[in-house]
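The data blocks that follow each hold one structure.
One chain, subunit A, appears in both complexes that follow, with subunit B as partner in the first and subunit C in the second.
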Partner chain A sequence: MKNLMKINCCWRLMDEEVFSVEENVCYEVNKDTRRIKLDLFSTIVTKFGVFFMIAILAVFGIIVSPKFLSGSNLLNILNAVSYLGIVATGIAFVIYSGHYADMSAPMTMAISGVICVEFMRYGLIYGIIAAVITGIIIGSINGFVIGKIRCNSVIWTMAMNFILEGLVRWSYHGTQIYPDMANEQTYKTGFFLPLMYKLDPNILNIDLEARAAAFNGLAQTYPLGAPLVLYVMFAVMIAGYIVMSKTTFGNQLKVVGSNYNVAKMSGINCTRTVMFAFIVSSVCAAIGGIFMTSLNQVGAFYVGQGYDFQAVTALILGGMSLAGGRGNMAGVFGGVFTLGLISNILTLIGIGTFTQKMITGAIFILVVYVNAKSLRKLGRDYA
Partner chain B sequence: MKRKMTVCVVAMLIFALMLTFAGCGAGKETTTDKGKDTSTETKTDKGSNEGAKSSNLEESLKIDISDVKGSDGQPLLIYGETRPVPPKPTDKEELELWNIEYAGRTTEKLPMIPSPKDGIIGKRIIMIHQSEHPYWTAVSNGAKMAAETYKVDLDIWNPNGDLNQQNQFIDKAIAEKPDLVLLSPLDAKASVQQFKKLYDAGIPAIAFNMIPTDEAMKYVLAITAPDDFGQFKKLAKHLADAVGGKAGVGYITHIPGGSPYFARCTNVVKYYEENYPDMKTLDIQSPGFDAPKVKQVVSDWITRFGDELTCIVLADDSAQALGATQACEEDGRTDIKIIAAGNSKVGMDLVKQGKLFAITYQSAEADGAIPIKVAADYFNGVELDKNAAFYLPQAIITKENVEEYMPAQW
Partner chain C sequence: MRNIIKNINIKADRTLILSKLNNNRAYVLLVFIMILMSICAPNFLGTGNIVPMIKTALLPIMAGIGFTYVMIGGNFDLSIGAVINVGAAVAMGEFNRFFAAFGGEAAGTKAVVLGWIVAILIALAAGVLVGLINGLLVAKGRIHSFIVTIGMMTALTGFVYTYCKGNTISADNTLFVNILERPFIKVPYLEVFTIRFLVTVIIVIFFEVLLLKAKWGRDLLMVGSNEEAAWHAGINTQRKIIWTFIFSGFTSAFGGVMFAISMNAAVPNYGERGINPLMIVLASTIIGGTELTGGRGSVVHTTVAVLTIQAIFNGLIIMGMGFDAQVLAAGVLLAVVVLYESYSLYKQNLKKGAKAALLKEVPELKARRKSAC
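Up next is the complex of A and B:
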């Protein structure tokens, strides 16, 4: 029986009188002796993904600078990428659902920051809630159009980004909003400021100094010596990990991302799933926008520019597939951290920005190539 | 019957022809009459126009601009210092920088469109700027204030950073035939065609904010801009004097390739090499205008250079300044002296808090108002220099004088 495979076949013939066949037949089949080549390199690359790259970079960093492994240096790297980390976590859900990217992230960041600055007049918490609600609204619109109407996600979110940019520029007449400024001119522009002023002209007399200080301090608060935004990034990533890996929604998202039609036929509510992915993305962008606006101490349309492409770069580095259904939160963190690490090491060596960009691009191509090749070698991906 | 019909038709045709000739004759007469009337009117108009011209000029010259101030309380319609042009250097590298620093100052210009010398009041001016940035909003505000002062009919067009749109605006302006065009070119090289088109159409043009190439300057009446190079030399001197002429300096640049990149980085490096040799350049980086990226670069510098890093030169006093100051604070290096190109609210607040050592004064409103002042001089018959260059007023803003420049314009 060692090299044999027993197959029981039951033949039911229409005309038993014409054909006389034995009902139980034993066939001997040769075993498939072909071997999958499990080379060590491919296994390591596939198993550890971007962390393999981080290990190489870390070794390189230790060689080039003795201060590389110092706590302050590592904290600086994490701090620098924490804004990107928050945004990338959200976009990871969109990519995981097989919808390439959320290109409306930059303007979601900007508009959420602006709304936060408008509402912080009533207190910081109101500002944060209003900004998050803004994110939910934008995400819901994106999710509905892409999930229900099946619009191309890149085209739609890009269009959304333009619309939001126009909206902020039109609303603010090309100016920007400072958290500590409150004069009559301030209340003539903006989304809700004119309404606030109309409802209560006394709003002009609100002492904004303390509230503005609280808002600006968001990006400059250091509980236990580390910046608050770093804690928020880890919290968002942990929450993202739980939702993506440990919940029914996460499993449904994986199926939707892997094969939309199969997911639909399996009874998964694809519209709802996709919509939720976009809401998560926009809420994360809104949280990133609040911190970014706080760091810049000004609400403006240009806050968050470029974060869409940076996030996608980090996610692909982290092993996310643009085709959807593959990747994890550890990879998201790895991708974001790799970008910070590359920039840090190259600056420590003394390499200029232009060369840094070229090297980052080359590393990006190398990582994607090695990753894709290793997966193919292991027969896990044919994309 | 047929005969009758033919006679009727012929008669009608003859009648119609007669009517036509009669009409033509009458039309000609009217035209002549009109011509006569017009010529009479023109004569009268000429007389009255001459009178109106001189009275308009007189009115224009009477306009008092001494009290016109920007929203920051600084005088709006005054020219800054114009530095003399040094001889062209022979060294290739130095010559490249010289060409940027003194662009248009020695250009052989074509004969300029003569001024009607009939006063600025009532003139139609079209301003074509660059984009919808808060800085440009302040530029527009300044231009509006100046236009109101000089009673100018001002149109402001914004191409939103799109060169094609700006080119279309040039064509539109030519079709509308304004008295003068103020143009801030989006692209120095593309501006050659833009200014040539305006020149060929007989519309005088002033380049503002961005200095175009020498080739474009042939067609330009005058240039008005912030003297970024001059300002930064002053700022660099202020910093060097404060640290005793000895320091390790890190530079965060503007977008590479543009004039501000050279003015706010290469210019300072060269200035220190020539005048303060102990002001050593440690590193030059271009992380853009993203505060977290700038923060990381400065943190990396502190890790890399330690106490050797004592000064930082920034190309921007907003996002770059916030990133740099926060990095210094987090690493406990508040002793590092940081200078930047200003003067936004964020920058001035940081100066006030003592986090920025000094910034330059670059009035966005004056950037929009000064070209209108130059236009006023042109229409009022003031002779503009052949290579007229009018710079914005300059100053160094420090903790001691920052209050004088508050509130910020943008």
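Up next is the complex of A and C:
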């Protein structure tokens, strides 16, 4: 025992000595004077991100066509991407939480549009509420499975997408639903239409024309000269910005996205956080779906087709990292706007839709490559 | 003491049987679905159903080979649907071009044969090229495979539409068009044996042997399960991953080529409005037991799972449920399998680090607490 004590003392003494030595050393060595050589191009790319791209595209657009800078053209670009903007804002939360993508967005859009058309018979506001509730239900199922059971998010949401597609197609037997149709045949198919008819057969005699006009007018109202969708997109994005960067939930989401295990160890309720992210995503998709259905004036299973990949494209362009925890709302807007700009400029040059798709895909891969490479050059990303 | 050992043995046996069942769940499901469908749907086991069922499954089987390889390497390839269309369209379009170049109808059979050979080679080369680009971007560029293949899918969809100019392409000469679908013998059930079927079977067997019996495949399994360990063991991991993508492009394009030739039509939007081949392939790869994170899987199991899904589809058609029910059924099947897979993983993770002796006491404690209440 005594020996042990001695040894302990010795160690302590040695510790102190070592410490003092270390202090001296620290004192002598000055600051590291070697300058870190920063790649200029990489710095610009990582600092300004997508806005660097927008600047290049804008210069290109001005060279290509004098029409490009006119107010109506810019408004057209914004109007065209505003549906995508709403959906992308929601999916941004999912990518921010490190869960790759919400592939169930297209069918969430379709199904909420269909349900909005069904419940619109009681009044427009009921339709919108029903659609949003649908979004919340789908989001909470996704969130529970992915947040609690830790399913692979891409594959689960894909499966969810197929189930929803099957549900819509099955209940409508492959047909579509029009807002202004109210004959007896309409009430034989659908989710809630047969139930509605059973509860109250008088629903056939409702004056549907005015309500259908109100619903179809959603996408065609222009308060203050700009379409309503644009205002909604900006509102959703500002709300998303506040939630993502100003609230506790947003900060927790960032930690969960950056490192799931650290978040769990530090006492964050990961399940709840991830679940909330998926609910936000689905609700945004539902809002986008309502407007999309109103634009098409028909509810069908193909309403939101392709929006999942487009949204991911826009988000990655906007600087979101698939690893999670990196990106912001300004980048989301930038990414969405970039997609609009590309398609607008290519249309101004006179290139067809399908060649546009080809070029967009190529630009996407190129931009992601440049972005990933410059991040790695600056030592910010070890992936 | 003996009793305890006996009990443990019985428990171990049970888990062993269960795990064996789980490992071979593709076969189990196929048998189960076959029995269920032959009870529910009349004439399900007739030659009029089985032969078309296998013929329709050939395209997803081909695409599934490459998809399984990519997934074993730990990546995703979402571009297979687009590559199938590219293979189909390029084969048809190039045949028409070379048929005219070799002399057209006047040159006779020679022009047709030469045209087909050149066209098929070009289409396969296109698939390999797409796979090579994907693989280089994933392995050397270090971009997530999900992003790369999404971008590739968008680009290729645009390419196919511009190549076809939005139309359906058919071959100008129909001499050899039906040769892939012509059965060797016209006997019930044996009508399956066509050139297309045999080629598919040979490719499936080749890739299965390459994966499970050859050193190359064992190395790939190691790369999939632990890339760093594989790298330390002296395996060129990047090259392995590039090869998986090349195989994926090759098999998808090959499937597309054979599909187009046997149908004599190449459409730019195959699977866009209906059931996407990507969906069938994804579902069957997971049902076949390929691990999502890589490192485990089998081509034959994927093939069997494709047949299972196709059996469900055909059974539903016979039962008169229609096309819309197929989508729902495939989605539910995929969801159930994914849920089961991740739930068992979740259960395992709960037990991780827990001590077996302590776990044994849990039921006792619960019983004691109940009696105390």
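Here is the rule we go by: the second predicted complex is superposed on the first by the 348 of 383 C-alpha atoms of A that agree within 3 Å, B and C clash if a C-alpha of one lies under 4 Å from a C-alpha of the other, contacts with A are read in each partner's own complex, and residues count from 1 in each chain.
As a convention for this text, a contact is a pair of C-beta atoms (placed from the backbone, for glycine too) under 8 Å apart; a residue touches a chain by one contact, two chains touch by 3 or more.
Note that this is a predicted model, so its numbers are computed, not measured.
J.: Using the superposition on subunit A, decide if subunit B and subunit C clash or fit.
T.: The answer is clash.
J.: Using the superposition on chain A described above, determine whether A:258 touches subunit B (first), subunit C (second), both, or neither.
T.: neither
J.: Once the shared chain is lined up, is A:67 touching subunit B (first), subunit C (second), both, or neither of them?
T.: A:67 sits against subunit B, while subunit C stays out of touch.
J.: Would you check which partner chain A:152 touches, where first means subunit B only, second means subunit C only, and both and neither mean what they say?
T.: In the superposition, A:152 touches subunit C alone.
J.: Applying the touch criterion given at the start, work out whether A:297 contacts subunit B, subunit C, both or neither, answering first, second, both or neither.
T.: It touches subunit B, and subunit C stays clear.
J.: One more residue to check, A:220. First (subunit B), second (subunit C), both or neither?
T.: In the superposition, A:220 contacts subunit B only.
J.: If you stack the two complexes on chain A, which partner ends up touching A:100: first (subunit B), second (subunit C), both, or neither?
T.: It touches subunit C, and subunit B stays clear.
J.: After superposition on the shared chain, which partner residues are touched by A:344: those of subunit B (first), subunit C (second), both, or neither?
T.: first
J.: For A:83, using the defined touch cut-off, is the partner it touches subunit B, subunit C, both, or neither? Pick first, second, both or neither.
T.: First partner only.
J.: With both complexes superposed on chain A, which partner does A:189 reach: first (subunit B), second (subunit C), both or neither?
T.: neither
J.: Shared contact residues on subunit A, subunit B side and subunit C side combined as an intersection?
T.: 169, 173-174, 302, 352-354
J.: Where on subunit B does subunit A make contact in their complex?
T.: Touching subunit A from subunit B are residues 132-134, 136-137, 256, 283-287, 289-293, 295-297, 299-301, 303-304, 318-319, 322-323, 326-327, 329-331, 345-346, 349, 410.
J.: Would you pull the subunit A residues touching subunit C in the complex into a rising list?
T.: Against subunit C, the touching part of subunit A is residues 100-101, 145, 148-152, 154-156, 158-167, 169-170, 172-174, 302, 305, 309, 312-313, 316, 322, 352-362, 364-365, 368-369, 372-373, 376, 383.
J.: Using the touch definition from the top, list the residues of subunit C that touch subunit A in their complex.
T.: Residues of subunit C touching subunit A: 76, 137, 141-144, 146-148, 150-159, 161-162, 166, 272-273, 279, 282-283, 286, 292, 322-332, 334-335, 338-339, 342-343, 345-346, 349.
J.: Of all residues in subunit A, which touch subunit B in the complex?
T.: Within the complex, subunit A contacts subunit B at residues 65, 67-68, 70, 72-73, 76-77, 79-84, 169, 173-176, 178, 181, 219-220, 222, 227, 292, 295-298, 300, 302, 306, 340, 343-344, 347-348, 350, 352-354.
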